[in-house]
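Some structures are shown below for you to check.
What follows is a pair of complexes built around chain A, which joins chain B in one and chain C in the other.
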Partner chain A sequence: MSKSNFTRRGVLKTGAVAGAGLTLPTYLRADGHTGFTNAPGDSEVVLGFNVPQTGPYADEGADELRAYELAVEHLNGGGDGGMLSTFSSKVLDGTGILGREVKYVTGDTQTKSDAARASARSMIEKDGAIMITGGSSSGVAVAVQALCQEAGVIFMAGLTHSNDTTGKDRKANGFRHFFNSYMTGAALAPVLAAQYGTDRKAYHLTADYNWGYTTEEAIKASTEAMGWETVNSVKTPLTQTDFSSYIAPVLNSGADVLVLNHYGGNMINSLTSAVQFGLREAQANGQNFEIVVPLYSRLMARGAGENVKGIFGSTNWHWSLQDEGSQAFVRSFGTKYGFPPSQAAHTTYVQTLLYADAVTRAGSFAPCAVAEALEDFEFDGMGNGKTLYRGDDHQCFKDVLVVKGKENPESEFDLLEVVEVTPVDQVMYDPAHPQMGGAEATLGECNNGA
Partner chain B sequence: MLGLDKKDSTLMLVVIGLVIFAPFLLNPFPEGSAMAQFNAGYPDLMQRFVIFGILAIGFNILFGLTGYLSFGHAAFLGVGSYAAIWSLKLFTLNVIPAILFAIIVGGFFAWVIGKISLKRSGIYFSILTLAFAQMSFAMAYSVLTPLTGGETGLQIKNTDNPLIGGPTDGSIGRANLFGAEMGNSFELNLGNWVFTFNLGYYIAALAMIAAFYLSIRIFRSPFGIMLRAVKSNQNRMNYTGLTPKVYTLYAFVISGMYAGLAGGLMVAMDTQVGPERMFWTASGEIVIMTILGGAGTLIGPVLGAGSIKYMENILSKINKDVLHQWFAFLPDGLEDAMVVFADIFVGKQWHFTLGIVFMLVVIFLPGGLVEGAQRLSARFGRKKKTDTTDTAASTPAE
Partner chain C sequence: MDQIIVQILNGLDKGSAYALIALGLTLIFGTLGVVNFAHGALFMMGAFCAVVTSKILSSSHKVVDETRTDFLGNPLEVDVFYVQDWFGQAAGAAIMDWAVPLAILVSIPFMILLGFVMERGLIKHFYKRPHADQILVTFGLAIVLGEVIKYYFGANPIQTPAPDALNGRVDFGVWLGYGPNVVVYPMWRLVYFFFSGAIIASVFAFLQFTTFGMVVRAGMADRETVGLLGIDIDKRFTFMFGLAAAVAGIAGVMYAPIVSPAYTMGMDWLVLSFVVVVVGGMGSLPGAVLAGFVLGIIESFASMPAVVNLLPGINQIVIYVVAIAILLIRPRGLMGRKGVMED
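And now, the complex of A and B:
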């Protein structure tokens, strides 16, 4: 506020250093009179990449940002074009979006919904961003999605796995490509039943927040449908780092499977703890004791090291996939950055391309027109096989990968192997499914803003 | 003017002027120029400046005057926010009841925590408040999920049906003041400049002016002198037959109400609450704001809050791409070197810059930014120094 004086002074000094006289074009502001928020000018369009650059998910955020930069490069006709050539829709030709050069602004969500919304609002209010994308946790995704709905811009969710994002908190202006807890459960359960039999007793350790709850609910429902029994489920605080007191009672509980509904650092610690307690070698109810980790990421697998070997889980995408789209993406990403992309990078790259494609097909940047173009859109060649963007809840439906920690990894990136590709029909659900907020959850009306 | 002496009236008028003309002052650079990156005159950030200003002013009443360092102030902010959003969801979308409700709940919560924490002083008091705040955070994050929405927090939904005047067409309700939405803005185009006048900002600004006025009155009142007495020597106060605890509790509750007000305004401007608003780092940020600006001074905390929010929102958005544009006039090798060097201080490294600034201020300007301003005005020999500090309390907080 009043500090404006100071900042202005400081800024002027900085300006002298930076060459205050430079009249380089930066970002055009929308005139706000063309029927929707931040209508772009004739020469360029601004996208807002809102990712965690600090905090617990900074690694994922950094990878997402790399993928965004790659996507922008490809949309503007740079690089080798990546997935543009494998994408089933062919309207993108490397001349930006609708002939406008793609520019972007970045922001730091800090994995906090307040900071994420502040950053997104500054992109919308100051930089004139027409679309916001990113996020590495469901809390942030839900918060920013609601903001975009209110402001009248499109939100393309990044890494968010909780059912709520397209479940009870779904919004007409928000879209998610990533899979969710329900799909994890539906894909994992049959594989688990085939591997470990149907006569199993499961013990859940669940991170004590929304994502943990929805994942536990989904895994429980799917495994119980296979004949498993849930012996107990214990909530662990998100900030917990030592899980020994939670692991110790597991062996005497009569359970023979431990499900770790943990993500990130939580999972690394709880899995390491479980392995150290000898659960992998233990016997219970006359069967080998097993551990399951519903949501895997490569970054987590790297953190847990040796301990992930042979442990089942699910993932949205993996760089070792052999289809054309995945290979094209891995090639361009690898050429630019020197290592293979993570699933977070994949989903954000695809989301950016899907948005650009929808705008081009709609012939307009107006959020409602874009939403209409995305709804019930079927596409292929983006690494997940045939995919449907369902209009009822704005969730992508595609095959889900069931993976397992590799026994003999060849490099630090080669930690997971794909065990099974669960076909999309098996993970399909009704939009009014009780786990998705039931019949009460609706998208509401799409909002064009100003 | 209004019971203020001449010096305070001047300060008050300066603050009012700055607040009213902030949309101009914060947007000094024309749109489309390279320097537009540093413009801060958009509604969200202006709102944040005044809201965190209120929070810091309130914190300063406790810390600056009594010297009690509360390390859990974010809890009152969070509780106020939750109160406000429930008022919007259940009672009415008008922001006034929401803000009032937030103040009351913030104050009550502060009274409960203050009653217990004020049994100790010094570091033990700080730890107690920190513990309570972390407890509130943990409960909001998980145990109280039905009440707080857990990790995802609370928002207004299209299924919400407030008692008075919700939307009937199934759209999502928006916070308003008798029908005028907080997001309403008027844009003034002057040449290449665009100035945004936002209704929400002016409501928050009005609240800050009131909060600032009240804070001056408290600083100058006999009650304020009692609070300073608590800071200088509690034993002596006891011997003269006064009960310090009563005064500190009042200060704590007032300070909690300020935080509640800030929380309520935050929700009114941006209808969303998440538990991380109560995390201990948020409490720490308030302490840093106050010390950076100048603890115990009237205007200092506001300056500190503004500086931190500016860095968080402006510096963090400068990425390599922007840097390359700035240094594009340099030869290639030099350009890259400059970009790598500058990148150390901006983008995701904004915490680093903040840390350096904070260290420099604490080491060289123990009285905060206000002391810096005083030294400058002394150096350039203005005929009459506009003393913004309060001389009795300008010693740095221990």
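And now, the complex of A and C:
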């Protein structure tokens, strides 16, 4: 007599286990046939664009999203192809990525780390995004990069300038095209020394978060190496709008330069306060008082209006560049949207193309294969001259633009002028540089996910 | 000493804004009994009245300049301002330059109308509901107004400068016997301080010396009795809501050159203004004004680099610490009356 194991309890147990398996997030389910998270089907591949659609950086986010849509259009063979024709790598042919049509989903980071992680997680788990890209804040970039590392997808960072993104918080699955605080300091300090002399005393006002700290550290180190002295540095809350209490004491502090380590609305308001209190017309230590804004964007410059005229800073890219790649991108973007792209739009467009290119060269969507294709990849034709995606820290190395507010703008977009293109050699650093987390900072192991 | 004078001056303009917003909040609470969390949004709407007025006065038509090209290489379209077409170059430029003061004329009817619509269309349905419901609905309204502004004007602050003639600085240091550039204060902030004083005085005079104001004050003290006398107090209170909205709006218009308007500014000011109201004493108009200036000056001192370096973060919590201290010593606030919000 045979005894059946088909019992009520057994059915319940089996059902529970099967149910739990089915409800697992897609990225935890082993796609046995592929071996990596969110392997695409044969017809389409989904990318996740995680940008601030609300919150203080929503304007940058909107421009990033426009650039992503343009990149998808070009990858799928639409429009005029943009930078596909100028990119030194010629493997992208407008047939999607590895023959799959590119689709995308979007998330709202709200410029908050927890919201950004939640939206990235949703795009990975529910929408099957194989790559996450975007962001307009270093805090967000570091948080989402860590999530992508755990989930086993590639993270192509958007506008993030803090050293930490590819410094102490670098990850094997994360890549950054945008420049960083160290590079800003290295490019800007010699120009400042040439313009304002080496006998200067600087006063720093610094946004009280990750990006502010690394930018202050970088600018201090670079300017002090040129002979400047730092007389004071004060942290300002990210939510601050009226900076009068911080600006008023600057004139009598012994300083003759004010460095505003602020971005976005913070920068617009702190610069406005500085101008209101007459810093631009003041004299200190027998010299003209000067103001410096380390990281510029055209969107910020528009907000600050007249106040930016003649003020030095740095930027990753500017639409007025005359190289073939920049012109192709400006033409595509300008024709589609009616205005020139911002640096945020440029870096996100380029990151999308670089990802697609790496997948195509690797012949696989597997994150570790893509990472390998990106590491130490040298390219050109994307608007910044010859560029290296360094394998040691996944940071792009390229020329850096030193800019200043234009004195006589010819249009509402003509706000910054490029005063120097700092060659890449001048902004190179050791991967174990103390500002980058020192010798302890490592990428860790690449994660394919499932 | 010079730094103390500078920070007192800084505190005065911040305190002026706190006082104006808190005055409106107290008026609404005192008359209608509504805790209006959308009041900061009214301040923001006022600031955007300045932005809109500036944009309207800067309206232009395009003229193609064949000698120059735009970013795509097409002939450049140059803006030609209508006001300069109509009034000539100099007069047109002057009109555009004085956009912010002119915006006050636009903001008063607009804000009164907005106040009426808010009160009649939404808030009146919540008079008999708990304060928690009122807070939720007005907070939701504030979010909606903020998002509407962001949709049309973007997320970045929009610079809205004061007229050139009032854009300079006053060197108090020279008057006080210090050297030049020791105690410098922007002229527009001084204008804001005196303007706020005038508005506050006007509101008090209106309530104190007009029959309408007397009835409103009577209604604030005992609504039921005033109603029994045959006076339609609800209509007058609706007007007071419109007046409070206009005060917040004017405060916003004049503040636009100090801090560039952004859709977030309503929320930035709201919580602090409520603290000002509570510290001043719920329902007390003089208390709201006094607390506005006291907390503005204290906040200004707490933001001095010497203080921030000694106690990091103190500038962000000082108002709340002072509020707790005052409420422990005087539970009804600086000038609070017995029985208000105590049932």
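In this section, the second predicted complex is superposed on the first by the 417 of 450 C-alpha atoms of A that agree within 3 Å, B and C clash if a C-alpha of one lies under 4 Å from a C-alpha of the other, contacts with A are read in each partner's own complex, and residues count from 1 in each chain.
To be clear about the criterion, a residue touches a chain if its C-beta (ideal position, glycine included) is under 8 Å from a C-beta of that chain, and two chains touch if they have at least 3 such contacts.
This one's a predicted model, so the numbers in the text were calculated from it and none came from an experiment.
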In the overlaid three-chain picture, which partner chain does A:Glu445 touch, first (chain B) or second (chain C), both, or neither? first
For A:Ala58 in the superposed arrangement: first (chain B), second (chain C), both or neither? both
Mind working out whether A:Ser43 is in touch with chain B, chain C, both or neither, as first, second, both or neither? neither
Which chain, chain B or chain C, ends up touching more residues of chain A in the combined arrangement? B
Quick check for you: in the superposed arrangement, does A:Gly107 touch first (chain B), second (chain C), both or neither? first
Just checking: does A:Asn232 make contact with chain B only, chain C only, both, or neither of them? Give me first, second, both or neither. second
Thinking of the overlay built on chain A, is A:Ser88 touched by chain B (first), by chain C (second), by both, or by neither? neither
Could you look at A:Glu306 and tell me whether it touches chain B, chain C, both or neither (first, second, both, neither)? second
Determine, under the contact definition given at the top, whether A:Ile268 touches first (chain B), second (chain C), both, or neither. second
Kindly classify A:Ala118 by the partners it touches after superposition: chain B alone (first), chain C alone (second), both, or neither? first
For chain A, which residues belong to both interfaces, chain B and chain C? 54, 58, 235, 237, 239
Which of the residues in chain A come into contact with chain C in the complex? 54-59, 62, 232, 234-235, 237, 239, 241-242, 244-246, 248-249, 251-253, 264-265, 268-269, 272, 276-278, 282-283, 299-300, 302-307, 319-320, 330-331, 334-335, 339-340, 410-411, 413-414
Contacting residues of chain A [partner chain B, same complex]: 1-8, 11, 14-15, 18-20, 22-29, 32, 53-54, 58, 104-108, 112-115, 117-119, 121-122, 125-127, 137-139, 142-143, 146-147, 149-151, 162, 164, 169, 208-211, 213, 235, 237-239, 440, 442, 444-445
Residues of chain B defined as touching chain A within the complex: 14-15, 18-19, 22, 25-26, 28, 31-40, 42-46, 48-50, 53, 138, 141-142, 145, 150-153, 155, 158-159, 170-172, 174, 183, 187, 194, 196, 205, 208, 270-272, 274, 276-277, 279, 299, 302-307, 310, 312-313, 316-317, 319, 321-322, 325-329, 347-348, 350-351, 369
Which residues, counting only chain C, touch chain A once they are in their complex? 2-3, 6-7, 10, 13-14, 68, 70-72, 76, 147, 150, 154-159, 161, 167, 169, 181-182, 184-186, 188-189, 258-260, 262, 264-265, 268, 299-300, 303-305, 308-309, 312, 315-316
